[in-house]
Amino acid sequence: MSKKKHRRKVSKRGLPPGTLIYTGDRKEYPSLISSVWLDEQNYEERETYLPEWRSRAGGLFWVDIRGLTDTALIEQIGSDFQVHPLALEDILNTHQRAKLDEYENGLFFILHNLKLEQDTLDLSSEQIAIFFGKGFVLSFQEDPDDTFEAVRIRAREGIGRLRKKGSDYLAYALVDNIVDGYYIFLDEVESQVLDLETMMYTNGADPSCKARIFDLKRVVNQFRHRLLPLRDAVARFYRTESDWVDDSNRPYLRDVVDHVAQILDGVDNQRDILDSMEALYHAEAANRLNDVMRVLTVISTIFIPLTFVAGIYGMNFDHIPELHYRYGYFATLGAMFLLSLGMLYYFKRKHWF
Amino acid sequence: MSKKKHRRKVSKRGLPPGTLIYTGDRKEYPSLISSVWLDEQNYEERETYLPEWRSRAGGLFWVDIRGLTDTALIEQIGSDFQVHPLALEDILNTHQRAKLDEYENGLFFILHNLKLEQDTLDLSSEQIAIFFGKGFVLSFQEDPDDTFEAVRIRAREGIGRLRKKGSDYLAYALVDNIVDGYYIFLDEVESQVLDLETMMYTNGADPSCKARIFDLKRVVNQFRHRLLPLRDAVARFYRTESDWVDDSNRPYLRDVVDHVAQILDGVDNQRDILDSMEALYHAEAANRLNDVMRVLTVISTIFIPLTFVAGIYGMNFDHIPELHYRYGYFATLGAMFLLSLGMLYYFKRKHWF
Amino acid sequence: MSKKKHRRKVSKRGLPPGTLIYTGDRKEYPSLISSVWLDEQNYEERETYLPEWRSRAGGLFWVDIRGLTDTALIEQIGSDFQVHPLALEDILNTHQRAKLDEYENGLFFILHNLKLEQDTLDLSSEQIAIFFGKGFVLSFQEDPDDTFEAVRIRAREGIGRLRKKGSDYLAYALVDNIVDGYYIFLDEVESQVLDLETMMYTNGADPSCKARIFDLKRVVNQFRHRLLPLRDAVARFYRTESDWVDDSNRPYLRDVVDHVAQILDGVDNQRDILDSMEALYHAEAANRLNDVMRVLTVISTIFIPLTFVAGIYGMNFDHIPELHYRYGYFATLGAMFLLSLGMLYYFKRKHWF
Amino acid sequence: MSKKKHRRKVSKRGLPPGTLIYTGDRKEYPSLISSVWLDEQNYEERETYLPEWRSRAGGLFWVDIRGLTDTALIEQIGSDFQVHPLALEDILNTHQRAKLDEYENGLFFILHNLKLEQDTLDLSSEQIAIFFGKGFVLSFQEDPDDTFEAVRIRAREGIGRLRKKGSDYLAYALVDNIVDGYYIFLDEVESQVLDLETMMYTNGADPSCKARIFDLKRVVNQFRHRLLPLRDAVARFYRTESDWVDDSNRPYLRDVVDHVAQILDGVDNQRDILDSMEALYHAEAANRLNDVMRVLTVISTIFIPLTFVAGIYGMNFDHIPELHYRYGYFATLGAMFLLSLGMLYYFKRKHWF
Amino acid sequence: MSKKKHRRKVSKRGLPPGTLIYTGDRKEYPSLISSVWLDEQNYEERETYLPEWRSRAGGLFWVDIRGLTDTALIEQIGSDFQVHPLALEDILNTHQRAKLDEYENGLFFILHNLKLEQDTLDLSSEQIAIFFGKGFVLSFQEDPDDTFEAVRIRAREGIGRLRKKGSDYLAYALVDNIVDGYYIFLDEVESQVLDLETMMYTNGADPSCKARIFDLKRVVNQFRHRLLPLRDAVARFYRTESDWVDDSNRPYLRDVVDHVAQILDGVDNQRDILDSMEALYHAEAANRLNDVMRVLTVISTIFIPLTFVAGIYGMNFDHIPELHYRYGYFATLGAMFLLSLGMLYYFKRKHWF
């Protein structure tokens, strides 16, 4: 059993709903910000918050915040873009389940960037919040490292459809980017499981395998727990009748739905494999113990009658005729030898060891 | 297995439905009452029941009863506010599941204040009933200690939106307050589980762990049983088409729905951890027993053949040539020593102990 | 495992549907009958069947039959009140699941009066059929003892709403009366489980506990099997759009739905407790066996090397110097004593017994 | 584990859908045929196919085929009554699940006549197909023995409503007849389970019980697998909005739905009983083994120290004072006797055997 | 545990959605192509891609690609027939779940050709994509060997309805052809299970059986995982309201739905059999071990008291009267013999071995 970090939720009982406190663990990071303006011809990017870009017509304004410590900034952005107070609270309270909430002026998506920590087999989770509406996308990453760099590059260089489509497509691209990361997670789990399988195949059941199976099952279950609400959120994204999602983008959203289902399938498959490996481990461990006990018991069983015979001729009766035979001793040894051979043969034929 | 208090339901078979009897355990407490009147400008609070405030226009009248022994008072309030007889009965019969019932003149909510008793790992439950309609909220707490103090303070000091919104928002605030308490419950369970995990990690599987796992599983299951009907009740609160719930408050209700789902997730997670700890415990206990039996069996297995050899030379045959060799005794001892070394080496190499 | 009575269904294959045969076990009882006429002012009751009361206007005609052997009478009542042939067949075929069927002229309810037989821990079931429509309620009890006495008394003495409401309210009162009885059942099960828990807590795991757990689980499962279709039937009663149920009575029906759900919760809770008691029982039994085997094995393990030493000095070699030492015998005894003490200490420190 | 016959499906890959091949095992039987014409006054029956009866007005034409080997005849009937090619294929491919398909000119029902083979505890299945529309019912039995004889007799002798109702009622009567047979199946299973219970109660857990439990569980599971699709088919029969089902017959169809649900309940109940018998069997078997091992171990544990004592006085030291005592031998024997008594008493008091 | 090939998904994170890369394992095969033109009178077939046939009126144009390495060709066909970029991506990304996607100009079906590799008991999967719309069907097979040969032959020779119906019927025929192959898969699994059953019945539980059971369970579970999404896809094909599916073809689609359900039934049945075989295996293995241990323990238990008796008379007390009896030795031997007979008889009667 590996040591685990323990998350402790900040209790907010008694505080009025809507109070903004960042509840996560990454309190040491400053908030980084990037403002991006794009339309089919143009692409501008600044490392600061430029609220005046809101009034520009026609294109798409993407504000990306990395690191959630600057509560004041997030509150200001929230009021500039009329983000609902509860959504603001959800952005900062980073123990949310994945979900899609519909508000009057936009859609609010919560999901998580999940990584497998290779050494401890733990699940590290970074909460991502995306709020988008007419002409703008806001994205909030808990970590300062840029999960969305690949999307930013595609937007900057005009690859794909990003600059021709609206805020819903950009939001889709962000979500798709996160979900693609889950394939990597699944891949790493699969390769861990495969390594373990090979190890068990060559070394047999040794206790370190068991700890490994336990750890892998735990992380796979945690991953699965995270995917189930995401599946619902993504399905609601696909089926939403919100004005902010264009029908021509539905096939892309359906594609994300398929991906999440496919990853869930893969996860379930790994779970089955781990379950059957655990069963196999237990079976092999029991088998080995049984083999040992059986062999030891066979040894005892062979020697106990022999010792009895020796005991017989160790008795001090005055009249034990055999004791005085010339070859009594050797005959007895021979008989013992034959007896033990007979027993061995019998036990062997009965497959008792 | 800890001793448990046993709840015995008062059988009311044969009584006509609607008979008012308080069926809970807190019969020794008097009923405390507070009447609160609030609107955007004003806040009045009295420690008595003031039915005449009902006729005031515009604001919100909140009657809070703590302790359910004064059946007559509850009956009078019931008739003043036209609470349906069955709802009245449910208030006093404190073994209800969480639920939301819609009546013509208001919505009726039953839920529970749940606490973990740290020493016995039992679940202590206090039933809370809330009835609200146009311009009023009635709340009934089974215990005389004030669960809603934080809400009362916010109302008194005008913090948050409480004084700007209607009776549905106040009811929401009360429910949200209870649900926030579940996070504390979950937190305490999580820290108990963590302590247990650390204990098992350092001390190995000892029987006290097992009792602890059993107790924690029991309380987690009880908690879960309470949450499942609450989830439904809260979802119906969110989706109700009742006149008494304003659409602008839906996001707050959805937020409560999310919280309950999140707590359920956490509970399921703790259940999984406890299950795997139990499996680990059993595996370790079995392992330890096996190790002991194996070592003991190995010892027997080594000595039984040696004893046989000693038996051989204890025989009283007249002609055992070895007995008369000069160093026969020492040679025999040496052979025994080598034999036992050989067996030890063989068993060791086969990992039999 | 307790002996159980075995129910054998009368095979009716080949008979046309609608043939009236009483298939239950209580064939020795005559059918008792009571005719009740009630409206807000009046209450008349006769111990005979009075079909002419059907033509009276305004009030409610309640015919209650106890004992199902008088097939002819039931057939006559059936034709007087136009009960559908299949409903009539269901009344007499007392191995039905709980259900609510809607016919053109009324609603037909089947449910069961369930009792726990304290000595054998068996479930005894009496089938109750209720058919009600405009101005009449027919109730058929399998047993001649009067389950509905409490309702009759309330009707006679004008307690509650029985005489102010229609046939649906009376039918509700009858169903409610049966469901109230389930609380008693559940209570008895709970107290049996509690007794068993105390017994296991004081006496430890002894085989009689196991039989008791088995029996209780069986009866709890049977009870649960009966409740599941009842839950559906009662929910359909609550949601039916039949003309024969007045909307003002819905809250009462919802109340019954809640009760059944609450009882199911309680049953599931008892099941969980029994499951964990069974697990505990097995764990304790295994533990005890292991303790015994371990102690016995430790004893053998200590004496086997000692016996070996004794065997050494029982050998008949000519030259065993120790044999001739003055205190050889006592030194050997002392060494054996020290060896066994050392082994005991080692085993003890390793917690091997 | 009993030997089982293995069904091998005829692979039809590559053949166009709609090819008529009989895929069952009863290839040696000729097809028997009966044509029945009935209305309220008349009943005619011939042992041959009389397609000209189709043109008669007013009554009901029932063609019953027993044995499916005469593919040409079935194809002709199919084309006379415009049976859809896929339905024809389903009639002959006798490995179908139970189902109800709606076609433009009629409803097509597939279900199975299930029998328990008492000696091998196997499930024997005969597929029955029923196609009915305006004025005709076609029934196809896989076996030549007449499953529908009872219905035929009722029709011939005018018992029940068969001659007053349409083709849907006749189809219902056929289905009801099959479903009634399931009660017999369930009855036989119940009596087998009861016998087994009695056997286990008197003889204790012996391995033949185990094989029996296995076999019964297998056949109960197979039966259950057959019932689940039937439940859906029958529910669709009840709820169909087809023109070919008259509303006045709905109560009869609901009755069949109830019967199937009741049988499923009974099956689940038997499954639960078998599961708990299996658990009991394992528990008893483990118990018995433990008892044996415990007794044997106790015997060894008592004799090993005694043997040690004997070994002590078998040593050849020159100076063992006790050896020369007058009653040393008898004192030793007595001490051994007391020691063994003490150990027996101690083990007994600790309930170790 | 057999060695398994490990699939590694190509991570496409960061690439814009819609990038065409073939992700499967069959990279060495060239793409083969066949263009087929058919109407009721004509049938033309070429081994090349003939886009000009698209403009022909009236008939059906079927393009079948075998082998997915020629990405450029697939992209060209995709743009000629306006296949949505995401569908094109799915064709090449051969780790999809079975699904049916509806696009504006056609329906897109993904399913898999599944084979059981007899030696390793692995599941080999070939992805098949079918896109069809008005007047055309495109089919993409991952493998170059022609899965659809039988359909092509029926089309060429005008067998069945293929040439009289539209593109939906051809698509149905292709899907039906794949599903028919699943029967073969199931058949092979059934025969493997049957072989294993026979083997276990004759040889008893030997460890090779266990590995075989594990492998079969794994492949059956994998197969089942593949069927579940296919069931949904096929059901959506049957219920789709797309313009591209003619209502007259619904019965055929329902037939496919039935087949998939039937195969799933068969798979579940095999799973149950395998589960009960596994339980039987474990039970038998445990039984055999117990038998061995019991016999060995009985042997020890008989000889230990005898050895004790021998030890008694091996003691060197000066006064052991029995030692000097004339027939003391023979009497002792006789007593030992009787004692061991008695114990054997007692153990036998108690069925201890």
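For clarity, chains are labelled A, B, C, D and E in written order, and residue numbers in each chain start from 1.
Here is the rule we go by: a residue touches a chain if its C-beta (ideal position, glycine included) is under 8 Å from a C-beta of that chain, and two chains touch if they have at least 3 such contacts.
Bear in mind that the values here come from a model prediction, so they are computed numbers and not experimental data.
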Response to the item:
In the contact graph of chains, the distance from chain A to chain D in steps is 2
Fill in: Mutual neighbours - chains that touch chain B and chain D alike
C
Worksheet item: Once the Cα atoms of chain A and chain C are superposed, what angle does the rotation have, between 0 and 180 degrees and to the nearest 5?
Response: 145
Worksheet item: Where the centres are mean C-alpha positions, what is the separation of chain D from chain E, in Å?
Response: 26
Worksheet, complete the sentence: CA centroids of chain C and chain E: separation to the nearest Å works out as 42
Fill in: Touching two or more other chains - residues of chain B
293, 297, 300, 304, 307, 311, 314-316, 320
Practice prompt. Could you classify the connectivity of these chains, where an edge means two chains touch, as line, ring, star, complete or other?
Written response: ring
Worksheet item: How about chain A: which of its residues touch chain B in the complex?
Response: 1, 3-4, 6-9, 11-18, 84, 86, 95-97, 99, 101, 103, 207, 210, 214, 217-218, 221-222, 225, 229, 289, 292-293, 296-297, 299-300, 303-304, 306-307, 310-311, 313-316, 320, 322-329, 332-333
Practice prompt. Going by the contact rule at the top, pick out the chain D residues touching chain C in the complex.
Written response: 150, 153-154, 159-162, 173, 176-177, 180-181, 183-184, 186-187, 190-191, 194, 197, 200-201, 251-252, 254-255, 258, 261-262, 265, 268-269, 272-273, 276, 280, 283, 287, 290, 293-294, 297-298, 300-301, 304-305, 307-308, 311-312, 314-320, 350, 352
